[in-house]
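Two complexes, one shared chain (chain A), two partners (chain B, chain C).
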Partner chain A sequence: MLLALVISIGAMCAISAVLAIIMVIAESTIGNYGEVSISINDGDKKIDARGGKPLLTTLKEANVFIPSACGGRGSCGLCKCKVKSGAGEIMPTELPWLSEAEKADHVRLSCQLKVKGDLQVEIDPALLYVREFRTTVVGLVNLTHDIKQLTLKLDDPNSMDYKAGQFVQIETPVYERTDEPVYRAYSMSSVPSSKNTIEMEIRLVPDGICTTYVHKYLKVGDKMTVNGPYGEFHRSENDRHMICIAGGSGMAPLKSILYDMREKGINRKATYFFGAKSKRDLFLLDEMKQLERDMPSFTFIPALSAPDAEDKWEGETGLITNIVDCHTEDLSNAEAYLCGSPFMIDACIVVLKKHGMPEANIFYDKFS
Partner chain B sequence: MKQTVEMDKVQHNMRPGCITLKGLLGEDKRNLVDILIEDEGEVIRLGTSHKAIAERMQELRDSGVEGLGESITIEDRYDVRVDSVRGLLPCPYEDGTVQKTFIQVHNRMLKRSITYTDLHIHMIREHGFYEGKGSSFRLSPQDLVEILDVPPSCM
Partner chain C sequence: MEAFTGLTAIFFAAIFTNNILLTNYLGMCSFLGVSREVKTSIGLGAAVVFTMAFTSALNWLVYYYVLIPMHLGHFRFIVFIIVIAAFVQVVEMIIERVSEPLYNALGIFLPLITVNCAILGVCLFMLIRDYTFAESFIYGFGSGIGWMLAILAMAGIRQNMKRSKVPKGLEGPGITLIIAGIMALAFMGFSGMINI
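Moving on, here comes the complex of A and B:
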């Protein structure tokens, strides 16, 4: 009886050992895709890498940064790129993000596509200029009860070329709320001429990994890694009346655009509607008033949707959509720059179109 | 009730790194079926239903959207802020995706707050799932019923 038991245990151990060896061999052969070559934009850049990782990660390791807001989990749909050959079948996890036209056009979600062989990839050429920056926190200021202004000095490289209105991705390092680095996108509020310093306005998202880190853990003197610049939200070169609308931290890219105009002496007609709930949600009022003095064609209209009694608010009151509606007439030859909550942007687009603004003249930076 | 093969797959989707960084189960090591049974018992004890809870969450969410991303007062006693961040989240039960919308509700009378998402509303309404114990986004049925004033209902 005892002998049979020992033989059984021995047999089990032997089978387990054989299976473990098979798994190790499989890992190093079936799962080993060897060296692969990735050609970007018809050979403008070539990368030699080891296969086996997602395309997003493989490109990042070669200093080619595709924006992603979810850290490669396939839940933001931002990291799309065209893979002209070598991609294989579309993964089920990509399907919710791809339209029929995109599927036909070989668009893929780079975080879900595993690199298994040579690829031909097409990305926005501007992404080839995106860099990763080591930075130091030199400013962390409370603008409101839930918005902080974060200022970073660029250490390496020590300058960034960007357009007013663009954004960067901040890397949140490992801390008690995350076991791996997490990336989130934030618009820059600084002026592009300040090449060595960038500034952002970051609103606390409940339980948000990155915003909680910035609001509750980050200190002046800490090191941070960012990559950028990204984005197509910037001032177009014409003389149309600019209707700017923002709420909360949506102030950031518009501040950058307006300060850039002041610096360049562009006295284009611009009206800036800024919505908040009560006075404690307003910020940079003095700076905007100064901008009105410096740029005679600029008007700033802050509006509160529900001012507190102690606010003694004498300015505009109501939802920002109603304020825009009341202050504008024919907008058929104007253009709009919107930044803030997707709900605000969708509602504002309806109002702007009601006043005759062509949809092609409405530019927005949705937080979604 | 027994844990089915389908539930195993759903529970796999709820693990860290599948849909969200930290997953939907927290420190809860129980089978999904046991988590569901316990929460269902709690909801019955509170004299309401998953559907009634989800409908109340949805009602406040839809009213809060009118604040266009800022907090607004609803029914003279709730401060509600509804906003979105970039992206969609798939349901672990693989029956659709929802926007990453979060809803912050502060009940002035009780001086208590709760934050939930569109995914919570969907998971509670369709699957009776409130996330595992210890999960950062776990919602206790009792907190929901008390803070949102969920009306009594039959299961």
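Moving on, here comes the complex of A and C:
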């Protein structure tokens, strides 16, 4: 009786094992499509993966997350993406989800499309790089009386690909002032080549949940969670004269953009107007002077709107809009990069337009 | 000659008098789910024909040459299911590799069929009826064609029904089940023509 039981169990196991072996062999011979490379958004990102799995899964394994509600069964139609080459015919399982225009535009359902060879795909760039990062605070320095420079070392994942001028969201954990985690966006002032550390300039907002946390509670060595990068504010590739205007912590993205230019050896004509109230609100002056020496076509013009008597300020005085007005002439072939309060930005746009700058050339990041 | 008539009888009986779908009501889920378009029904039907024919033959071999000698006949349910699953998987891989049009027409339906009870039903009926290897293959093949015939008829009806007004409560699966019932009544007309 016992022997019969053992034999039957053994036989069942053997049958299952034989079938499993057949499956494994089939998988590694018939189902093996070798190494493939997936180029996303014209080579912005390249993924080397093993073929044979659906595109959705392959991308997920490479940490590119396309939203999908059904988990890849082809029943929600959310995981659409444009596949420019290498996809083959549209599958019958995709048809119900694709309109005629989408079919003509090479849109496919990524969960149904199996990766069998090299692919060229196009997905929303924001989806491509957004990740959540566990970080450690490694630097917390006072830049002015109300602006702190926060430096975070990325622990997991340990590097971020971003463009100079983009921002991240900081998660403020639950503390005295908040019952739930709060997310606030801050531009990065670090150079994109420093992939392992990011740097932000955070100005204390009275009663601000996140800024108070950073200014009053955060210590070096603390852990923080950030996600990103986000944002369309970055330098466009051309030779136009760059008019940069910032106030307060609006310095951050512009510093990143300018440092990035220095690092890449781009000697493009650039004028940076930085507005502050009095001398104690100015910061990074030495760094900007150094930048002027390193980049001959770069000029830094700090301006104080209400210098104190003891400041002994000899530089420009007045509202930033007036300073820009005085220092510029025809701007019809220039570009503007504005960072700061919405009020400042709106006022500056008026001035820039007066000097003939086309609206399409004005880029801004409103800190509200 | 005797054997040939035997096989022919089994073949036609499997299609008409003992239609696996309309007399045994097996394989209903994909029958209801994929019968909206004639085109997709042909694909699914063809995949069922192929799988039924070959898995019944394969399972016949497994049963008589592996399970019976080892006195494991009572395990046939489990073993049949995993043999069907493995077979379907491997066939799907081969089709996908070899021909994209064939995969698009047929291959994508194969995973649906793995869990189709009609396939297992055919394998079990062939044992109950003590078929030989050839008979099993023909029976599987015929049953597949019978299933395809039923789903094609249903898809044709449903396509024509798009223009007709169905009472709200009966839309979708409701009216489809009623149609299936009426079709089964019609197929009862074949009963007694061939005995197996």
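Just so it is clear, the second predicted complex is superposed on the first by the 241 of 368 C-alpha atoms of A that agree within 3 Å, B and C clash if a C-alpha of one lies under 4 Å from a C-alpha of the other, contacts with A are read in each partner's own complex, and residues count from 1 in each chain.
Heads up, the rule we're going with is that a contact is a pair of C-beta atoms (placed from the backbone, for glycine too) under 8 Å apart; a residue touches a chain by one contact, two chains touch by 3 or more.
Quick caveat: nothing in here was measured; it's all calculated off a predicted structure.
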Kindly classify A:99 by the partners it touches after superposition: chain B alone (first), chain C alone (second), both, or neither?
neither
Can A:178 be said to touch chain B (first), chain C (second), both, or neither?
first
Taking the superposition as given, does A:76 touch the first partner, chain B, the second, chain C, both, or neither?
first
Does the superposition put A:11 against chain B (first), chain C (second), both, or neither?
second
Contacts for A:19 in the overlay, against chain B (first) and chain C (second): which applies, first, second, both or neither?
second
After lining up the shared chain so the two structures overlap, which partner does A:321 touch, if you call chain B first and chain C second: first, second, both or neither?
first
Tell me the contact category for A:114 with respect to chain B and chain C: first, second, both or neither.
second
Per the touch rule above, chain A residues touching chain C in the complex are 4, 7-8, 11-12, 15-16, 19, 22-23, 26-27, 30-31, 88-89, 91-93, 114
Within the complex, chain A is touched by chain B residues 16-17, 19-22, 65-73, 82-90, 97, 99-100, 102, 104, 115, 136-137
Across the complex, what residues on chain C touch chain A?
39-40, 43, 66, 70-72, 75, 78-79, 82-83, 86, 89-90, 93-94, 96-97, 100-101, 104-105, 108
In the complex, the residues of chain A that touch chain B are 69-71, 73, 75-78, 96-97, 177-180, 182, 185, 205-209, 247-248, 275-277, 281, 305-306, 319-321, 340-344, 347, 366-368
